[in-house]
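Presented sequentially are two complexes of chain A, the first with chain B as partner and the second with chain C.
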Partner chain A sequence: MVLVLAIGDLHIPHRAPDLPPKFKSMLVPGKIQHIICTGNLCIKEVHDYLKSLCPSLHVTRGEYDEDARYPETKTLTIGQFKLGLCHGHQVVPWGDLDSLAMLQRQLDVDILVSGHTHQFKAYKHEAGVVINPGSATGAYSSITYDVNPSFVLMDIDGLRVVVYVYELIDGEVKVDKIDFKKTATATTHSAN
Partner chain B sequence: MLRGKLKLPEKARRAFPDRLGSIVAGFNEKDEENRGLNHGFELGEELETFQPNGFGLDRELDDYKVEDEKSDGELGFRAPQKPDRDGADSVSFSDVFAADEKRSDLEYEFSQKEINLEKLQRVASSGLPDGGGLRATAWKVIISSSFAHLQLLLGYLPASRDLWEKELIENQSKYAKLKEELLLSPSQFSKREDEPLRSNKQYAGSDADGQLARHDVSTDDHPLCLGQASVWHQYFQFTEILEQIDRDLLRTHPDMKFFSSNSSLSRKNREAMRNILLLFAKLNPVIRYVQGMNEVLAPLYYVFSTDADEKNAANAEADSFACFVRLLSDSVDHFCEQLDNSSVGIHSTLSRLLGLLKANDEELWRHLELTNKVNPQFYAFRWITLLLTQEFDLHSILRIWDCLLSNPFGVQEMLLRVCCAMLLCVKTNLLSGDFVDNLKLLQHYPKINIEHLLQVAQDISPDTSSFCLSP
Partner chain C sequence: MCRGVQHPIHGLFLRSYLSQVSRDKLPDIGSEYEGDGDTVMDAVEFVLQNFTEMNKLWIRMQHQGPVRVEEKLEKERSELRDLVGKNLHVLSQIEGIDLEMYKDNVLPRILEQVVDCKDELAQYYLMECIIQVFPDEYHLQTLETLLGACPLLQPTVDIKTVLSQLMERLSNYAASSAEVLPEFLQVEAFSKLSNAIGKVIEAQVDMPIVGVITLYVSLLTFTLHVHPDRLDYVDQVLGACVKKLSGKAKLEDSKATKQVVALLSAPLEKFNEIVTALTLSNYPRVMDHLDSETNKVMAMVIIQSIMKNNTCVSTADQVEVLFELIKGLIKDLDGTHGDELDDEDFKEEQNSVARLIHMLYHDEPEEMLQIICLVRKHIMTGGPKRLPFTVPSLVFSSLKLVRRLQGQDGDVVGEETIETLSSVPSPELALRLYLQCAEAANDCDLEPVAYEFFTQAFVLYEEEVTDSKAQVTAIHLIIGTLQRMNVFGVENRDTLTHKATGYSAKLLKKPDQCRAVYACSHLFWVDDQDGIKDGERVLLCLKRSLRIANAAQQMANVTRGSSGPVILFVEILNKYLYFFEKGNPQITSAAIQDLVELIRTEMQSDTTTPDPASDPFFASTLRYIQFQKQKSGAMGEKYDPIKV
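Up next is the complex of A and B:
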């Protein structure tokens, strides 16, 4: 039972001052085993804060990140799943499913986590699953001003992943749950 | 001597030192019986038992003590190897006879329909034999009955043998159910809850690509939920305790492979003990887990899982849990900080210990209390709360616990007597030392002859000066 936090596009301090207080009260150290961050933190203080929540922190470079040393993409294996991480501004058209699927096949991962659009999305296609955690602060994106703060927590347990989506809508935290299983063999595509 | 006339077999001749060669009537058969017994016996153990009777076997005693230490790690596995050990042969015939008698006594007792608890306790007070399942069974019966003062049925293994099988199975299923309820990880829990859901709607359409279906769980459970009723929240509350338990388990008896090696067997043992301790912590939110509970659990679990009966050994976890709970229920008040100064707390017990000492040896009491001001809290706290598991090696602990359990008035009563005996046995050293020396001696209690210690303990007269006689 591994808890992985997928978060990104905070744009602190340029577009937002901080995480919403309701989110901050929920994110306490000791519960989460990994944090994967799509990018655009943007400053070191945010990096340190995330590091305090969990020592295992993985970040990819967003176009506004002040630290130029983050990689463009990252892959990691957690449990039975291969996760891929990329900010998403490199994939054009932004947020396009087919292009993201291409990236996913390139990285050869089961779950691709990418951001940039500031909209939560969870898509399934034949090569795997694409998850966009949205923006944790609700900062405006290059596309729209209408953004709800959101982040994603994945519970990886064997071949099954439960995705909990935390969204702040009208000042209230809404939690949604998405369940999917990885097929035991990579080639066959079937529901379990 | 008679030896030549009887034409003893070669092995037997070696076995018996000359000075005891006269007691050989019917010896041959005894020898066969011994070799035939599949339990074998711990010779070092039996020698210790008879030391006070002065058979003059000190010489051999030392040898066996050394061997004991060496083979401590394989205590549970010694039984089948016994007949092969060379050094094992030279023991006195009377020891063999007495040990054998004790073993057959116990077996006879267990085969009866109704077990005579007093007799069992009497045998236990002179030491239960290692090997075979005798000690394990005896402990189970005693621990259960001594806590059945309210109702006979409260006991774990009732005195009536017929009910044993039923009781054991019932308890094991109760334990399994408890484990399932309390020890499940939250994701397994949620997986179980989703089973019915899954079959109807979710996977019907998920073959298709596209947006994944979302289910609102804002009011239900999720990992970051801070509500008290949340399974996740409760799970995280115990992670700290779990870490503490894990750390302590690694430190339990580091010299014994049974507990502390990296083999899969040893890991299985640690995992079982961890489940027991965690379950206890969850069921007792007041005291939760206190450092040292692992030490109290260790001898119990060890004895039950090295039971020669395969079926019993496989259920060691459930049995140890039940007995652990019963054993601790007596001394649970000692662990609760709020009760420290009350009449059931640790301080009152310590003053009872001092009262006992005063009633038995005023000189020593005066020396400790008044001259050197060695507060019993400094040394006896650990003795009492951990039932002496930290003061001696495992083999001695098993012997001492045999004695503790044998007292019909309860473990605590006997424990105080043994503690008092421990003080009396090092009296000369204590009297000749100052505060620092005394403290150093008592906190690192020296190795002494356990039988002698227990003999002194049993001879101690109870303290009748205070009003509160032990229950």
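Up next is the complex of A and C:
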């Protein structure tokens, strides 16, 4: 069982002062094995904070990130799964699932994690799964109205990944989960 | 009998022994020794006498020897002081002494001895002793008497420490239970202490400023514990401090500065609602006396307090006061130079201000607009170094308001925003913000405003964005934003898309050109109901990107002797599939078939080095086509002619 935190689009300090206190109290060091971050942190302070939660931190570049050295895309293998990471402002039209699927084929990954729209999505298509963890701070987005703060926790176990999405709605943290199974050649999914 | 022994040290030890053995033989209430002739008063008298005599002996010790052993004597005296103090301890243990007796008899007698002995060491020690040994409620009820003795002590006695200790004890007493609080009001503790402190400061003219402020810190702590609702008391204490500090130059003594910071931090810690501290009229006046470094430190403390407590500062008036307090961070104050500051520290400061802006919020759009204008006024004085940090926060705060208003006051906010953004000396950032504003204008149906924002963005791209990597990102942001615009009429839209595609084709590296151009194909196809669906221009873009890919291919052949980026063809193929599925009549299955064959040929060619990225991408694309072919219904039919 490997826990992977997918988080991004915090936009601190441009659009949000900090993570919501309820999220902060949930994210404690030592519980998560990997953090994959879609980008737009935007400052070093946030990077350091995420690093303190888990030393295995992977970040791709968002268009407002202070650190220009983050890569545009990143791929990594966790257990039986190949994961791809990209902020998403590079993929036009923004948020278009077919175009994201194209990127997924290009990176040749089972799970593509991308952001930019600040809206949580978990979408299964022929080549795999696309996950958007949304904005962890509920930051303003020109694309999405009424953004609820959210992040995703993936539990990777063998050929199965359970995706937990945590959303802060009206001051309460709500959790939902989706199951994905990978076969030798393709990924199937069953929703909960 | 003991009186006979006048030698100080012998006398002290003798009397100490006397005290010890007589302890449990004192005729206290309930003791077996209470009787006809012997009452509590006798016990008290006895102990007081012993105390008085011991004190005299103790003081006499210092006159015992020649001057050169004075130091040694002082040390000896120090060690023996507990013997004297013990008497007070015994007194405190006598159960028969009630408040009345303490007030009328015991305390006055002790204080008489303390004052009369005129010995600095004794006075300091004994005052401390009294405070520590007797119960707090007694102190409260005899406050006037106790404080009255203070000005009568030797001027060299460290009375401020004594007073601080007293106030601390009383603060703790107040904190111990809410029931005792009325007592404090009843004896008018605050005004008595306040007056006493005033008198002491007046009397001890040479008291260093750090001492004065320490006293006020103790008084303030006391006030916050005992009278947390009396903001006027808090302000009074601050006011007294201001009076003492005024007329002098800015503080340079670091200890004093530390105390001032403690003074200013105390209300912040006590009041979770930072706005309460903002109403204290003397608060900014105290801050003005700090040197600029410490002023900034204090400003950061204020901001951190707001962040930590998740406070929302909600009226324009409060915002005004707040920004006045943190002005050291907002701009270069007179006499300071911005370059002196460490880079990291400066960034931290400005990022704090940026975060603070998001804590300013009011439900009423009118009030919120006022707040935004106020913030804008302040941060514009920050100069080019600060603006890149603070302006984005302001812009996004404004955009949130615009969304709430959705059209009503959009124009006003729009124009002001353009002005603000044009002063940000960070073109890439400004470009992004212009695009954000364009989208907001789009949502408000303000075509001219949206067009103006795009114009500004393009101007920045043309004139300021020179780094090729930055250009690639910028052009994709422009394309992505433009793709979402639905407010533009045909003419405006054509102008902007023409610009976008033009710049895409002029990027430095061929692969970047190729990708930007095929991204532009989406400008001519929007999936919405009323969205543009110009199939021909889509195809034109895709064909153009194909030509660029070909050119890149040839260049690679010539320069490296090997085939170039086949992957570009695979990407373009995917775009063909995208529009094919959307129903663009210009994209035919034949065209797709040709493209598939082209890629196959390229990949199998001798001159091609196998590319770790292209092969799996092509493979998964073919898998996708296969997958679509196997679908039932329209999709399967569409894909049928394509053979993979």
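Going forward, the second predicted complex is superposed on the first by the 183 of 192 C-alpha atoms of A that agree within 3 Å, B and C clash if a C-alpha of one lies under 4 Å from a C-alpha of the other, contacts with A are read in each partner's own complex, and residues count from 1 in each chain.
The rule we apply is simple: a contact is a pair of C-beta atoms (placed from the backbone, for glycine too) under 8 Å apart; a residue touches a chain by one contact, two chains touch by 3 or more.
These figures come from a predicted structure and were not determined experimentally.
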item	value
Clash or fit (per the criteria above) of chain B with chain C on chain A	fit
Touching partner for A:R69 - first (chain B), second (chain C), both, neither	neither
Partner chain in contact with A:Y145 - chain B first, chain C second, else both or neither	second
Which superposed partner A:K124 touches (first chain B, second chain C, both, neither)	first
Which superposed partner A:R105 touches (first chain B, second chain C, both, neither)	second
Touching partner for A:L3 - first (chain B), second (chain C), both, neither	first
Which superposed partner A:M26 touches (first chain B, second chain C, both, neither)	first
Degrees between the directions from chain A toward chain B and toward chain C, using C-alpha centres, nearest 10	90
Partner chain(s) touched by A:P17 [first = chain B, second = chain C, both, neither]	second
Contacts of A:Q90 with chain B and chain C, given as first, second, both or neither	second
First, second, both or neither for A:V173, with chain B first and chain C second	first
Minimum Cα separation, chain C to chain B, after superposition on A (Å)	11
Contact residues of chain A, present in both the chain B and the chain C interface	126
Contact set on chain A toward chain C in their complex	11-18, 21, 43, 45, 63-64, 89-90, 92-94, 98-99, 102, 105-106, 108, 126-127, 140, 142-143, 145
Residue numbers on chain A that touch chain B, as the complex places them	1, 3, 25-27, 30-31, 121-126, 129, 153, 155, 157, 160, 162-166, 172-180, 189-192
Of chain B, residues touching chain A in the complex	185-188, 190-191, 194, 198, 202-203, 206-207, 209-218, 220, 222-224, 226, 236, 239
Partner chain A, residues of chain C touching it in the complex	307, 310, 347-348, 351-352, 354-356, 358-359, 389, 392-393, 396, 399-400, 403, 429, 432, 436, 439-440, 443, 473, 476-477, 479-481, 483-484, 519, 522, 526-527, 567, 570-571, 574-575, 578, 581, 613, 616-617, 620-621, 623-624, 627-628
